[in-house]
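Next come two complexes built around chain A: one with chain B, the other with chain C.
After this line comes the complex of A and B, so read on.
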């Protein structure tokens, strides 16, 4: 480790880092703009200037840029030298020439890196009195607000959007003092990761548009550590609340999972929490079918009357917490508990659980995936089913570039140089899928095959890896590529609902291990707690456990059924499910939003959302993570686990009735299954104190606490007490040096923006000082998990097509679609076909097709894809209009001659005159 | 046919056969299609005088680039025109040598004679006036280019001579 001297202070620094990183690691405040820990240095903003001296005798030195200067043994620098300070101040002054200084109306104010840096360099007096440049702002869609005048031309946005996230529709334009960052023409940003611009931009050019519509300053937000429930990746988020509304979601750093970035579903998909479709009160169905609102206690008494000492079954949910599912399972008894997956999904998930418990391959975090130097993706459009993973895979393919750079002695952080050197040379990524995926642009090879053939391809690769020569040359090539790699990664998932594909992916990963490789295997699952629920019900043998249709069939023999946060129409078998509602048994449902299942129930209980409750979710990596309530549920809502505890108490269910605290539920849940034993390590217990204090959810500048609700009541309410977690609904406490799973927001003196994160990191871009959140639940016995290949031959009649699910970040998720902005981006349900088929059917993009499946007929909008496997057509998966369509179903297609072209509708945006 | 389809078809027919042939010739010299971006812009501009949005989109499509990527290049270079210009573009040097030799007053003269300032085009669409930092002819300063011709040692008389027809037409300025 080299020793360098900064202002004559000796510092041991890591080999290969730059001076800016060394200074930040040493806790010194060296201002910067364009450098970003995940994106490296380009030296464009000139802000991180310091003086470098030749030797001890040199008193004059020369100004160098910290981010572009590698550390070398014995190098001497000064941060405090007058000329360095003057230089840094001059840089800010020059940036301020054109900056409008409109902080009072800017959505970045109070968490603005430019504000922080301006104060840090000591620049106070503006000398420039001339006119400032003004730009035209662009409409960039419902998510991102554009205010170009605030730009300081650091180029971070373009480097993030294009270089890091692979977006094509945002670029730096023009030159010198009229540089512009935007699109060629106004329109919705196309990247699924556009929201990170909000956090990447050091000032207010790109801001969170939905947040601006009900804006609060960062210091007025109440935040808590949380976990995204948008998919099964388990990104860490920091939602902020004020006035009982969820205002916005910010990234919460997790070194191993999401790092600095979220997808747009995660960042913008929580608007449903403020929706009018939220349930406020419990309701009992009246004979006329409408609901009568009742108080909590009345609802509980009614439910208890229906279930106490009766025959009761329960349906769990992959989008509810592990604890709530556990409580329901205990309440009704394991034999009467149905996990709430569709039958097909349940079978595949049990295969996945079995695989993860036995496989020789590692189940990698995103950080580990980023180190892969060859990737095989089987049947998964990762960008749309596990978005944040896809962003990681875009970094994995850069390992080729880093390898080339290492040969030249270039450090990885020399971003422009490394990219220039590599051009489009990338590590191999082979995508075998039925249709286009959003990673095709960085793939070395895309192979279009129907579902069964994808599985056969995977098994072929496994055989080729074992030394067998296959007939298909493509198979042999893929095997060679994987074999040549140091850390190959195989990815598949449940989105095609095809067990064969997953088993073939397992076969490849296992064969790689047999061939002496350390392989990684990542299997994407659908919902935020799919894997947790599958682990909860896994008994190690039966893979055809109790299912919803089976339960529905014996519903008439039951007295009551309790449904936990589950919309049954999304679980297939609609006919059987109707039997459940038609039977005489009472149906008790708890959920967050109105849905068809609630409408069919006899008693509905309003459940708290993830932002108002605590629970544990298990990601597809097998990482269990805890989310904490950001604020207390309003009206008569309760977290589902509390509803269930109250029901258990009413039923005098002896074991459950003793549970009072969430921690006790966690402990009981951990005891119930060996695979869940690590649950108790997920986060500190409720009695954890940081230097004797709880962790504050509110910043120390939180304003108007006693007055903010004066519009409702002039009586000062007491602050709510949180008896369930180590966090407090308060400004008092210590938000420093706590375990990573408890950090509610980042702030440090002088660092009001999200760049204060570096004060929480043990080292720049490294893990947090408080470790890494979550605990790994699944440990494999390493015995291997190969499943035999089941060969299937499809029997297609002429003009029949196989349905392939097409997932969308905006649209396929049940909850986020209830957010106005997401609904607008999701558009209408669609049928996706190839160009040739479109020509044959005489349709173009935007026309209508009649899709006939069995006897049901759907009229859907046509989307044209560039790459489609033979005999395949795609359908919008997860859209409420196409729930009846199932992957693998056979359909016929004809042009819909009576298709009505819908007129564009404006839902959430401010397109047109008013620009917020 | 709906809008999306119409735009698609239109873009494919924007560039002429000769333009495409010349762009193809450039493409044969570069390892990446986008490497021919500047040349493609110049080829199209040579024939049309400027690069319209539609041309830009058509070129971008032909080179497998996004319109944003090509827009970044097109707007970076001052001599790629993203707005219509007159038949001849006057590139007026305002750099050091020309400034020492009094280009300021000559620029004023041009403005008086043609009635246009920097970035503007005469009403009859003959001339556009654009500043340029150095034309590499400092030994003959002040200089400017009018269309493809380099005009050296400019003085007010030379301006009158060059734009004689304008001088007569505009009346009041002389």
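After this line comes the complex of A and C, so read on.
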């Protein structure tokens, strides 16, 4: 550990870091712009200047850039020297020459890194009297607002978008003071991670467009620690609320999971929470099919009358919290509880749970995946099914570059030098999939195979790893690449709904371990709590056959069915599901948004969304994480776990009657399954106090308390009390040094922007001072998971094709699609075919194809992909119009001659937001 | 001793000076234009609402009696969807006026705000907005700010050069 001297103060610093990091680690405020902990240094903004002295006698020194100067033993610096301070002020002055006079109407105001740094260096008056440069803005789609005048040319956006996230359509243009950051022409940003530009940009060039429409300043947002429910990665988020409306979602740092970045589904896909399709009141179905709104108590009494001492079944949900699922399971009894997966998914998930409990391979966090030096992806388009993982994989292929840099003695943070050195050299990534994936551009090898052949390929690799020589040279090659790596990573998932692919991935990972590698195996699952629910119902037996269709068949023998936050049409064929509703049994449903299941129910209960309730979700990494309510549910909504507790109390259900607090439900749930025992460690209990205080959801400068409700009554209501968690619906309390799972927002004196995060980190780019949130539920016994080889060979007739699901970040997720902006980006359902097939069928992109499956016929828009496996066609998975199509089904294709070309739909999301 | 005598002298002297007390309300006192009384929202010289809903007044308000919500016009300019001041909480400190970057919120010499019902002390935007420029006759924020509006293109704000064409090869 070298010792350096800053203003004659000795500092022990870590070997290999730069002076800027050293200063920030020591708690000193050294201004910076272009440096980013995840992206390293390029020294372009010249802001982090300090004076370096030759030795103790040197009084003059020279100005150096902190981010570009490595620490060396005995080096002497001054942060407070006059010339360094003047230099930093002059830099801000020159950056501000062209900055427009528009902070009051800027979406970054109040959390602007440029504002913070300007105040920090003491610059005030613009002395230059010349004219300000101006730029035209671009339309960048419904998510990102562009205001180029505000740019300070730090290049962070380009470095993030192109270098870090692998985007192609945003770049620096022109030179000197004409530099422009934008697309070559106006249009929607193509990256799935474009939303991070909002947080990466140190000023207001890129701002959150949906947030701007109902804008509030950062200091006015009420926030709480939360977990994204968009997919199973479990990214940590900090949603902000004001006036009863979820305004925006910001990233919440988790060192091991999402780091600094989210995907666009996570950031922009929560608009459905403000949707008009939200249920406000409970409703009882009248004979004419319409619903009559009833009070909470009346709804509970009705439901209790239907279920007390009756034969009741329950259907859980992989998008509801673990606690709600547990309560439903206890309420109806384990034998009557169906987890609410489709049949195929249930089988695959039970395989995954068994695998994770026995495998010798590690189930890695994203941070660990970034350290992988060879990657094999089997059948998963990770960018669209577990987006944040894909962003991590884009970093792991850079390990080759870091290896080369280490040989040259270059530190990793020397970003431009490391990239220059490595050029296009990347660590190997082999993608075996049926179609294009969004990681193809960084893959060393892409192999297109139908689903069954992907599984066969995987098994082949496993065999080749065991020393057998395979016929297929590609298989041998892949095995050699994995064998040559130190920490190889195998990724697969449930998106193809093909058990064989997963089993083959397990076989490869196991074989790698046998070969003496520290192998990693990551299996993506579909929904935010798929794995949690699978763990809850896992009883160690392989094929427990509780499924929704089976339940539907015996529905007539039941008195009532309770459905928890589940849209059943997504879980099986409509005919089978309909049996459930056609039977005489009463159906009680609770959910967030109107859907067909609610429409078919006899009693509907309005559930609170993730932003209004608390619960635990288990990510595909097996990490259980808690989300807390950001605000209290309005109208008569209740979190599902509270509805279920009320039902249990009405039924005098003895086991559940004792439960009152959420913590008690968690404890009971943890006791119910050995695999869930760690659940109590996920977050501090409700009586946790930080230095004797609760943790405030509101900032210390939360405004308008005595006016926001005055329109209704001048008599101010008491702040709502949160008896269920250590957080308070108030500005009183202490948001500092608390456990990581409880940080609602980041702010530090002088640091109003999200860069204040470094004050919450134990060290720059390290874990938070309060640890890392979440608890690992699954610990493997390390005995090794060997899954049976599933081999299926379909007999294709001429002109028949296998259906392959094509997932989309925007569109495939059930909830986020109800957000206007996401719906606009999702577009219409489609059928994806290769170029050759398109030629054969005589169609071009945008034409219609008649897809015939059994007897059902679908007319879908054609999308043309560059890489499609033999005999495969893709369909838009998760779109409500294509739910009846199932992966692996055989279909015939004919050009739809009567296809009506839809006129481009302009959803009014962009209304009023001028972009030019 | 001297002190007491001086005090008696001062008191006696005041017996013959003119009283400062006026017979309010029959007789109205003079209040300077910068007196801090009832708050108004003003308009710019073009007759548009000056408030851009930046929230600075609400943030600076020591009693938190200002609440507003930003909305956007067709051309992208900002305005308050609602703007509410709870005058039953307001202490007329004038910090909101100091914080306002657009001279929209101004304090007036009117202090005569009495209500039997406290609810009537809650002023909404329609109660606050006046048809005038208040103390600052010339200022129009959007003419100075770099933001494009319906009537002002990029580069037409005060002290701005024409927009740069990034595709031009000229220096």
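Odds and ends about this structure:
In this section, the second predicted complex is superposed on the first by the 905 of 916 C-alpha atoms of A that agree within 3 Å, B and C clash if a C-alpha of one lies under 4 Å from a C-alpha of the other, contacts with A are read in each partner's own complex, and residues count from 1 in each chain.
Assume contacts are C-beta pairs under 8 Å (C-beta built on N, C-alpha and C of every residue); 3 or more make two chains touch, one makes a residue touch a chain.
Please read all numbers here as calculations on a predicted model, not as lab measurements.
Contacts of A:60 after superposition: neither chain B nor chain C is touched. In the superposed pair of complexes, A:423 makes contact with chain B only, with no contact to chain C.
Of the two partner chains placed around the shared chain by superposition, chain B is the only one that A:844 touches, whereas chain C remains out of contact. After overlaying the two complexes on the shared chain, residue contacts for A:286 are found with neither chain B nor chain C.
In the superposition on chain A, contact of A:710 is made with chain C only, not with chain B.
When both complexes are overlaid on chain A, the residue A:174 reaches chain B and chain C alike.
By the touch criterion stated above, A:901 is placed in contact with chain B alone, chain C being left untouched. In the superposition on chain A, contact is made by A:212 with chain C only, not with chain B. When the two complexes are superposed, the chain touching more residues of chain A, out of chain B and chain C, is C.
Chain A residues in contact with chain B (one complex) as well as with chain C (other complex) are 173-174, 180. Of all the residues in chain C, the ones that touch chain A in their complex are 52-56, 58-59, 61, 63-70, 72-78, 82, 84-86, 88-89, 101-102, 118-119, 121-122, 124, 141, 144-148, 154-155, 157-164, 166-168, 171.
Interface of chain A with chain C (complex): residues 100-105, 109-110, 131-137, 147, 149-150, 173-174, 176, 178-180, 182, 212-217, 219-220, 243, 701-708, 710-711, 713-715, 911-916. Within the complex formed with chain A, the chain B residues making contact are 1-5, 31-32, 53, 56-57, 66-72, 75-76, 78. Put simply, chain A touches chain B in their complex at residues 168-175, 180, 183-185, 423-424, 844-847, 901.
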